[in-house]
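In the two complexes that follow, subunit A is the common piece, with subunit B as its partner first and subunit C second.
Let's turn to the complex of A and B:
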């Protein structure tokens, strides 16, 4: 037992645990911010995985072609929004089942990016590291929060922006109303399905940006396995967070902590079955959901398609 | 002036404008709308004038709501036209209606519980969101019309009366010329209804707006309006002035024949409920003092966030009596029905039948113990529309028609035919799909199924909602017959008239609690209204 405790202390006092944790959390938070907006609008958008992967791929190709980080990031956003377009138009204009569409997209994109990656073999590299003066010198967490590659800092703008958008603008008010009571919103003169499509586009944009961040802020090159199911963890973070922005970010941090813990265990040379470790973040996600999912109030019309006309 | 009962002429010489015919604020011209095989509106002509309250009276399904939905752009007419202030308009959406100055106070549908009052009021407008401006405007309207409200309260936490107040403010904020009220009193206590009609009159008088009041309650249309249009089966059958109209005329127009039965009068809302209880003297207020069949003791159930759905609720029901559960909708009546359908688990408290405790929330346990339920929403939980009539009759229990786990087709047919006969269900036969039946006949199927189980307790939750007068009357007779046969009947209804008509004993619910209990003979509208509003008896 002593050995276990020692290992945990060892991991918690290692700076790399926090640096990796921040990177993982940021990646989840890019996607989860947009997913939160989509779910508040009442659409359970499960194609986040596809959005992240497409965003990463188009960003990688974008850099390969333009050798410009800003342009590549922008292309990442566009990539995410292309998937959003399919998801939104199929499920909230043509009334196809949102889960079937999302599931199909996730599988399709996995194959497609793998194929195109082999064809194009995009050459990419990491973006430059920015150390924020003074703040990056804070012990233990300074480097993690303020010593990252510059795409990381986009999150510091994105999260407050998402909050402002959702809770301080008319658009946000309408988004929240269509997720709660679409009939009422319709009667009040709001185009419910249009708002839902827009919310998915927003999720596509932030997820695409998250994919681009993964390439330029963390890994440096594209592979078809880089997202590896974490889109679903982002969805879990939104649910875990009780559909609030604060809770969602907290969920991202907790789940990212589990991912980072796994990495540190191996990095510091502890012998643990690696398959078992692989499953740790997902196990934490499941347990988190089991504890919190029934205590929170979901948007009332979540995952219910809207058809006009009163009941 | 048009004479009462004159048919087909709008005769609109109002307010002494002499020979000049004023342009109506709203004119429906020959409007027809069909939904599948059902003709909701059939060549309807209707004119509404400024400075007047126009009552549109009709039974459920008469087409009055469909007509109003066309006016606010939720439904498009198949043929005919709508003119606003003399100009023909194609109203394609609620937003288009709003820009024409048409506002509607909806029965249920336009508020979002999770948002605050001011957010709800701001919903559906355009431009930058300015919370303070909205709050100030709410304050102005509140002062002007006497509709006090806290702009930062969450709508879900408000009482039905206050929610409707928000709805009215939301409508008036856009300063509409034409205001439609859709069944506005269905969620209000009698007291709140009186208040509503006072502010309604104020809204009309102050700015010369045109107001349309849609209702199936004869009494309120007679007292609150200036002009009355009666609709039946999608057609306008009569136009008259409220000042010269009387209840029997209106009732005849609505139903299409003389109305005399007490239960019919109750269904139309013309029952003088304070009247002498000798009428109900035939019903012993307490059939016997035997041990209760159903006993619910201290039932408490909480929802998400600890909201009390049922709060220390106790009810006893004896064989042969009808106990009415009155109350404004949303005060735990649905949960009480759910509890007795095994859909709700209790945090504390017990339910017992004949002294034997029944486990709560355990699927099917209540039904096995002898509780039959006519559920509140028959489409949601009463029947399966795509299955046949016969299949629906045995949904709960197949033992009568099954052999060794297989359903015996001919036994099923025989059983279904017997039920069709006994309950006079109008249909093409046992194999008729459920959706091909009218609402009243669907409800008869539910009733037949539940009574064929020979229950000890029958729970009837809003059993006549959405039915026409004939079907309402039949339901009342059946419930009374069941009680006479020794079934303990729990009648949960938001129609006070219905409860006063049928029940021997009345309990009133508020916020998940029983706040009062009276014998029918001692009941009067005023004290019931007070209790429904939350005052303790």
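Let's turn to the complex of A and C:
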């Protein structure tokens, strides 16, 4: 047991644990902050996975073509929003089941990006590293929070913006009202399905940005396996966080901790069975939801389609 | 509101479906052309690989069988209004159970084959049961838990395959390969029926038989009625005495059982698609996902799932021939995705049209 304790102390005192943790958390938080808005509007998009992957792919192709990071990031956003468009229009303009559409999109995008990746083979690289003076010198977490590649810092803008948008604007109030009681919202003159579509477009934009961040801020090249189910962890983070922004970000950090722990254990040379370790983030996510999911109150109309006159 | 399925309505359905499917196919063809390929050879290769070349129909049927089994299970859970999307993991865990207990019990003969199938179903049901427990005890949405359990299940089985006290074959049986189980003995494999050069695995008949049974059970029994009531209106079901936990958990576990059965059938059936009667990492090879898509396209009708499974299996067996045309075989994943998406459109459009018609009729009357 002494060895185990020593290993945990070793992992927790290693700077790379925090740097990786911050990268993983940021990736999840890009997607989760958008998904939070979408879920507060009463939709549940399992196509987040597809949005992230498409965003990563279009960003990679964007850089390959334009060699400009800002343009590539923008293309990542567009990619995410294209998937959001299919999800939103099919399930909240037409009335196809949102889970069916989301699932199909995930599988379609996996095949499509894999196919196109082999045809195009986009060349990409990491964006430049920005060290924030003074802050990045904080021991242990300084480099993790303030010494990353610049797309990372977009998150510091996105999260407060999401909070403002959802909780301080009329639009945000309407979003929350269609998620709680779409019938009342409808009667008071809000176009329920229009607000829902908009919320999904927002999720698509932030997830697309998250995908682009993954390429330019963390990995540096595209593969069809780079998202690897983490879109679902982002959705779990929203539920884990009880549909609040603070809780969602906390969920992202905890789940990212499990992802980073896994890397550090191997990186520091400890012998742990790699299969069991790989399922750790998913186990932590499941256990986290099992502990917290029943204590929080979900948006009352979550995952219930709205058709006027049908209840 | 349901409308009579006659006259112009049938025409509308047909037109909508034809247009959607054509759009999906044309989009796929454009993609092939745009990436420097030719669509005609791809179509030919797909047809050769799936039905035209000798023996390929048997392969396609054999590939369709586990997809069909997965789809039947999915239909049961979605009738109850539950969204189980973890079939890929349930199938893999089921196959692992079948392997472990198949060797534990040992012994030749038909009885052991049946036991292998049953243990596969139990394994799948238990793995889906985890999601049921999480849902009804801890309120975790089954959409997410079943999905996260796919990865966990995959890694657990991979762990089992690395441990000789669980699934790993003894050194003499595996040469220098890692992470493989022993091969099922000759007498423990599912039989095949030979019809005009095609070897048709037993699982095909099992699948079709079960599709009929489930279709009848859902439409003609009290149990099926209660399940459907739970799916259509949980509150009304609760009021009229359908215990949500009991029926819901049963539905999820049954759908897991069918996925597990598919896994066991793949193990004991072997053949072109599913290897050498032994368990390896990645054994499930997306059959669970594809089976799920089959169920979605079949729109909760077990009998419709039979031809749909055949078409999707054809895309899969055909894809191995596509490589020779210079177009990547993964194009079939894309075609499949476009097709599924296209098939979602007509029902959604018709639903809205029906509602509009009903509204117009109501305003006319007043």
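FYI, the second predicted complex is superposed on the first by the 309 of 311 C-alpha atoms of A that agree within 3 Å, B and C clash if a C-alpha of one lies under 4 Å from a C-alpha of the other, contacts with A are read in each partner's own complex, and residues count from 1 in each chain.
As a working rule, contacts are C-beta pairs under 8 Å (C-beta built on N, C-alpha and C of every residue); 3 or more make two chains touch, one makes a residue touch a chain.
In this text the structure is predicted, and so the values were computed from the model without any measurement.
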{"item": "Partner chain(s) touched by A:268 [first = subunit B, second = subunit C, both, neither]", "value": "neither"}
{"item": "Comparing the two partners subunit B and subunit C, which touches a greater set of residues in subunit A", "value": "C"}
{"item": "Which superposed partner A:286 touches (first subunit B, second subunit C, both, neither)", "value": "second"}
{"item": "Touching partner for A:114 - first (subunit B), second (subunit C), both, neither", "value": "second"}
{"item": "Which superposed partner A:8 touches (first subunit B, second subunit C, both, neither)", "value": "neither"}
{"item": "First (subunit B), second (subunit C), both or neither touched by A:135", "value": "neither"}
{"item": "Which superposed partner A:101 touches (first subunit B, second subunit C, both, neither)", "value": "second"}
{"item": "Interface residues of subunit A shared between complexes with subunit B and subunit C", "value": "309"}
{"item": "Residue ranges of subunit B touching subunit A (in the complex, touch as defined)", "value": "69, 72, 74-75, 93-95, 98, 104, 106, 109-115, 119, 122-129, 170, 304-305"}
{"item": "Interface residues, subunit A side, partner subunit C - complex", "value": "44, 46, 86, 90, 94-97, 99-101, 103-105, 107-112, 114-116, 118-119, 229, 232-233, 235-236, 239, 273, 275-276, 278-279, 282-283, 285-286, 289-291, 293-294, 303, 307, 309"}
{"item": "Partner subunit A, residues of subunit C touching it in the complex", "value": "31, 35-36, 83, 85, 134, 138-141, 143-145, 147-149, 151-152, 154-156, 158-159, 162, 289, 292-293, 296, 328, 330-331, 333-334, 336-338, 340-341, 344-345, 347-349, 351-352, 355"}
{"item": "Contacting residues of subunit A [partner subunit B, same complex]", "value": "168-170, 173-174, 176-177, 180-181, 183-190, 295-297, 299-300, 308-310"}
